[in-house]
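This is the structure I want to talk about, given as structure tokens.
Naming follows writing order (A, B, C, D and E), and every chain is counted from residue 1.
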Amino acid sequence: MTERLTDIGPPHYEKFLPPVVKENYGKWKYHEILKPGVMVHVSESGAKLFTVRMASPRLLATDTIRWIADLAEKYCGGYLRWTSRNNVEFLLTDESNIDPLIGEIKKNGFIIGGMGNSISNIVHTQGWVHCHSSATDASGIVKAVMDDLSQHFENMDLPGKLRIALACCLNMCGAVHCSDIAILGTHQRPPRIEHDTLDKFCEIPNVVSACPTAAIRPATVDGKPSVEVLEENCMYCGNCYTVCPSMPLNNAETDGISIWVGGKVSDARSIPKFSKLAIPFIPNNPPRWPEVVEAVHNIVDVWAKNAKKYERMGDWIERIGWPEFFRLTGIEFTKYHIDDFKHAGLSFKRTAQMRHLPEE
Amino acid sequence: MTERLTDIGPPHYEKFLPPVVKENYGKWKYHEILKPGVMVHVSESGAKLFTVRMASPRLLATDTIRWIADLAEKYCGGYLRWTSRNNVEFLLTDESNIDPLIGEIKKNGFIIGGMGNSISNIVHTQGWVHCHSSATDASGIVKAVMDDLSQHFENMDLPGKLRIALACCLNMCGAVHCSDIAILGTHQRPPRIEHDTLDKFCEIPNVVSACPTAAIRPATVDGKPSVEVLEENCMYCGNCYTVCPSMPLNNAETDGISIWVGGKVSDARSIPKFSKLAIPFIPNNPPRWPEVVEAVHNIVDVWAKNAKKYERMGDWIERIGWPEFFRLTGIEFTKYHIDDFKHAGLSFKRTAQMRHLPEE
Amino acid sequence: MAASIEDVANAMFEIVKDGAGSKKYKPSDLTKMMVEKLETDKKTCKAAIKELVNSGRLVYTYFGGSFLEIPHKEGAAPD
Amino acid sequence: MADEKATPLLDELEKGPYPSFVREIKLAAKNNKMAAGVLHQLEKSYRDKIGYWKHGGIVGVMGYGGGVIGRYSALPDDFPEVAHFHTLRVNQPAGWFYTADVLRKICDMWDKHGSGLTNMHGSTGDMVLLGTRTEELESVFGELTKMGFDLGGSGSDVRTPSCCVGPARCEWACFDTLKTCYEITQHYQDELHRPAFPYKYKFKFAGCANDCVAAIARSDMSFIGTWKDDIQQDDEEIKNYAKAGLDIQSDVVENCPGKCMTWDPDNMKLTIDNSYCLKCMHCINVLPKALRPGKQRGVTILLGAKAPIVEGALLSSVLIPFYDIDNEGLDDLFELVEDGIWDVWTENGKNRERVGEFIQRVGMGNFLESIGLEPDPHMISHPRDNPYIFFDQEDEEEEA
Amino acid sequence: MADEKATPLLDELEKGPYPSFVREIKLAAKNNKMAAGVLHQLEKSYRDKIGYWKHGGIVGVMGYGGGVIGRYSALPDDFPEVAHFHTLRVNQPAGWFYTADVLRKICDMWDKHGSGLTNMHGSTGDMVLLGTRTEELESVFGELTKMGFDLGGSGSDVRTPSCCVGPARCEWACFDTLKTCYEITQHYQDELHRPAFPYKYKFKFAGCANDCVAAIARSDMSFIGTWKDDIQQDDEEIKNYAKAGLDIQSDVVENCPGKCMTWDPDNMKLTIDNSYCLKCMHCINVLPKALRPGKQRGVTILLGAKAPIVEGALLSSVLIPFYDIDNEGLDDLFELVEDGIWDVWTENGKNRERVGEFIQRVGMGNFLESIGLEPDPHMISHPRDNPYIFFDQEDEEEEA
């Protein structure tokens, strides 16, 4: 047996760079999007690198990865990459390979796009496929929503980029908190406390201090050390469950989804922003979550129709004002929309600047 | 003896309105500033009301009020008012009375102005003249600062309005927290606890809960119920003293002044804003507080030189950025400028949008 | 004389063993305790922890934060 | 100690172009011992860099819980004239209008019973009579009421309301600030004089978004005039301004926060997309002859402003986006204030918790529910960005 | 229970134009029992609207404290194939570049030892190998290291760093994101594999303010490329864009947050007042052939981003306004991170307190002092607006 290697770290990236990249590393001059999903980068040296971007469900079988590898071999000298939103990028130097490559991709049921002012892949998480913490599934909703929006993946027909993300619980793995549209798995009930096992599995002081709203306090139940939850102080964040398996929150009847809008990450034009609550709750409705699909579709449509060029969701809403956002989308404004966590007061409107519609 | 009247409220304002106001109440059409300190309001009816605005130290002797009354009688049919910034406004209908009135005012050592894009009176408070709570005097600093800035009261030579306010302690009587420049009496040491009297004068639970930073806890001292202050948690706000006379903070050695900038109240152009810390501390230096006078003068000058027309202090700073404000004014940026109270994190720069000067 | 890696590791192990079932320790907890109790530094503590884990005497566990524990039967929850 | 009568430090403050408060104190001190006392104690403060007043003092006029601030010298032996030095807060007439006559009467009274010193006015808006002795309080009060004046607030009560000059002299007043201020003051005489709240409650009334009385920053309940329809526009006057050299593009259009104006310099035509106008007043301020607020006028009512102590300063936030106060009157408002806001706040507020702090503590959503107002997106600058939503647990179909 | 093998609900998700994860699971399930198991358990989840995984699990590879997420089915009797279903987080190559060869090798290994299912990639950036049994972990690890791969982070350690494609393909990279990412990953192998912090610590590297790797939102330490001097400008190309119909005024100039551009349409001349440019990238994004970042390039380093649990979500905030990382190298940075930030945070942070929360708790001023950095106005969006200043009490000349 050979020596057990540890701490070698990832392989050096240079091993995987195509020759055209190695030669022009740091020397790219400009790029152009040639058509949806296809762009070219031109180097100071004149060299060109063509990129074809393919949608991916992220959850990939080895056979599909092999198929991707085969395509890369056939058209790209074996070179490819994934993007930060989990799309596949084929890296070509021979322009004439672009269309045949695309042909093969489409034949196998995959699509091309996600560049420029389009909707790219939905950044998402594990859901019922792998995580214990989820209030909803991830991949299923993503599939249903993207089926509905795929024309915006395959075309660049939007005012600006639109980034959607999904997280299956409030832990928010992914940049859900800063997305143009965020789909978030949401519990609606306090944890169930399994008093029998709690003391065995969990450190009570840790559990108590895990709660953002101080809803948990130590208690003795049937003679055993445990905790109790002040239900009116609980907002179902699930942090207690993260540190203590004996406090599960998931609930087939009451789990579901909330929708958030107007976040962004880039510093282009406006500074990064958090997503804000649009729809407090939509019940889980597998396999295709039609209410979620429709809600997202509606928001995308209203934005696409009304925003100016380059105007991201959040910038558009700031320009027209939140009252107008609710009016145009027909989404109901409720007390849930009004913040009541720590910095709540800072989201109250502390100005008399306001748009009033003239009396009807 | 006549019946003791109570709850009659203030006299009806109509009693004091000049006839031209009664006749044109709610019918004013437009106004014009004719020269510094003099404006005319023109009614739909064509009627004109001239206003002459005179600076006041706010603290007035009855003899001076009598002199003012005499002037009003002589030139204004006996009508006059005070403004929300404590200036006196003479209300004239006869334009030819303006200059003689101004002549008499000036002869008696008072000045005219405070209108339009100028510095008006400094809203201020009691200080050593009347309040137990003060960390500095009020009227003295106001006098010294306004002596220095009186040309900006008497002329309209500024980019926009500049509102200065002073409060002699953190209670901030006045709109100090929303002023272009705020001068604030500031303690630097925790309260002295007079254990002998504390239990007699103060309710200990009230005292404990008065502290914004939870620095106070009950304690028994020399057998008597009292409190102790965790000095490292105290930021000298004086709220404990407000509820408990046995915890004075004032200190001849360490009391002084902090300077704040960029607040505003009006909703014109930008929404109201709080003033932000410019200079954490300047020691008290009566009778003329030259360091304070100079600091304010400098800030006014830099703003006046650099702001665009109509640009209030805060809007100007937001346009150029705080680093540039500190650079232009030469004020040192310290750790004290970085917020560490409840919403501190919201004032951190959470963007990569930034101005860098090219390397020297 | 400064404590050896070995000494520190043994002392750490004892603490974790005594706490098993009631108190869990993070590497930083153990390091702080050692620096306080023994004549040692953070570097030695780090080496001691590596030693303990590589030898299998302690394992890293994760339940709302990473801890060092005596190896126990695997499963969804510690038992 | 040096010459008891000399005031070398304060004398420095008689110099300079701005009117001097020292001159005022000296003026009063000529005939008034109290004024002389405060002059000399103040000189000592200037020497020692510290104030010499004792904390508080429980004095007042009979039956009232507010309107007088008790004050005692910390050095009564050195300055016996100001051993007592209480102030009275006299409720000013709305808009601070006076006649020469009434001023003289007040002066005469104050020379007789007090220090001869005043603040015209205090920061809340009262006429402040600065310094008298306990035994004079009832006489002052008696003479004031005879003249038709009454005391203002202090302590945990309604504080003296104040308002901008409004329709009395300003072309931009979108509601009658003086009338509203007066009527509310009268309606709440009891609450003004008999403290029954967790803490103070201030009203201020500004006729438009210029907010000349700093209502949004200084009053628990802030009324700010606004309008709903289009800005009234006189195209000829706009041309006149442009011809006179005003740069409409840079001075007006580019400063519009609603970004809803366009200027056609060739035709000297200003176009306002009024549906995006934020009623900020800027364009009207710059072009007073050409632009005026619309005709459907009313107020925005905001709640909660206060100074920093304890939880940090607050500006008021929108409670009622639009209310046609001049036409609909005050009755509904009185109901909302008394049976809604004050009831809930007095019931649940902590000692010294201003209403703005209270709302932040209990949550705006809960507060609205408890006072029976519907949530409205105009109340917020943006919806929540944290996912910590307390869902109602109405249908509790789960295990108990 | 219905036909154990039927998946009518999931079958619905094979329909539609977007690539289907159900198709992927079925593909793997053809030859792999684990994949079949997850398919059927997932179908049950879809039926019952609830997940069926147990909480956590203490598994890993020898000596490491991270890189494996233990997972057990809550219904092991019904779905024995996924009784164990642990994932491995495999540290991806910087920039997610691969060759066909290496992908095939990984696939072969994973078919042999795992479920045949992957996430390409996880949200942090790892290649996620989705589902295997405890007894396979060491074999997978052995084969991975043989191929030159290693595990990424999980638990309270450095998490797998990731970066945008940067200079490998992007003309706007202001520093070498791949090299920096790789070197930091290598330097912190120990911290990545052996959790010793209060909580996780993520690094992300974006070559410019477009932030294509969402660094500012998702990494405790965010590196964002920027420049100091003037935007490189090619006036001819600007003319070409304008001639081609681009509206430079409305598309570029009016979107500039620095408000520092002017467009002269007559001379087709764009002027940038670079001293006011905020390096936001917008104009460059719209005019890639005409504008490019300046030549004095470096990074802004920001600290503290995280998801909402516990104290609410945070974006990173500026720690080092500008650092010429490509030329000055990483050594100073390593020192700041190890002897400064990590030391202070590990010493004083509470369990599960991210560094962003820690800074908010102890105060940025104190934090800077403790790590030996000078306060800089670039670190804040504005100075404090509350007067609650803790002054240093150095010269304690008062009574003890």
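In this section, a residue touches a chain if its C-beta (ideal position, glycine included) is under 8 Å from a C-beta of that chain, and two chains touch if they have at least 3 such contacts.
Just so we're clear, the structure is a prediction, and the values are computed from it rather than from any experiment.
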| item | value |
| --- | --- |
| Any chain in contact with chain D as well as chain E | A, B |
| Pair sharing more residue contacts (C-beta pairs) when B-E is set against C-E | B-E |
| Chain located farthest away, centre of chain B as origin (C-alpha) | C |
| Chain centre separation (chain A, chain D; CA means) in Å | 48 |
| Cα-centroid distance, chain B relative to chain D, in whole angstrom | 13 |
| Distance between chain centroids, defined by C-alpha means - chain B, chain C (Å) | 60 |
| Chain C and chain D: spacing of chain centres that average the CA atoms, whole Å | 63 |
| Sequence positions of chain B contacting 2 or more other chains | 170, 172, 177, 212, 237, 251, 253, 267, 271-272, 274, 341-343, 350-353 |
| Overlap residues in chain C, where contacts from two or more other chains coincide | 63-65, 76-78 |
| Sites on chain E at which at least two other chains make contact | 54-56, 62-64, 190, 209, 211, 216, 224, 257, 278-280, 308, 312-313, 315, 351-352, 385-388 |
| Complete list of chain pairs which touch one another | A-B, A-C, A-D, A-E, B-D, B-E, C-E, D-E |
| Residues of chain D touching chain E in the complex | 308, 312-313, 385-388 |
| Parts of chain E lying in touch with chain C, wherever the complex brings them together | 54-60, 62-66, 70, 72, 134, 154-157, 190, 194-199, 346-347, 351-352 |
| Touch list for chain B against partner chain A, complex | 267, 271-272, 342-343, 346, 350-353 |
| Touching residues on chain D, where the partner in the complex is chain A | 209, 211, 216, 224, 226-230, 257-259, 275-280, 294, 296, 300, 302, 304, 314-318, 321-322, 356, 359-360, 363-366, 368-369, 375-391, 393, 397-399 |
| In the complex with chain C, residue positions of chain A that touch it | 197, 200-203, 206, 210, 242-245 |
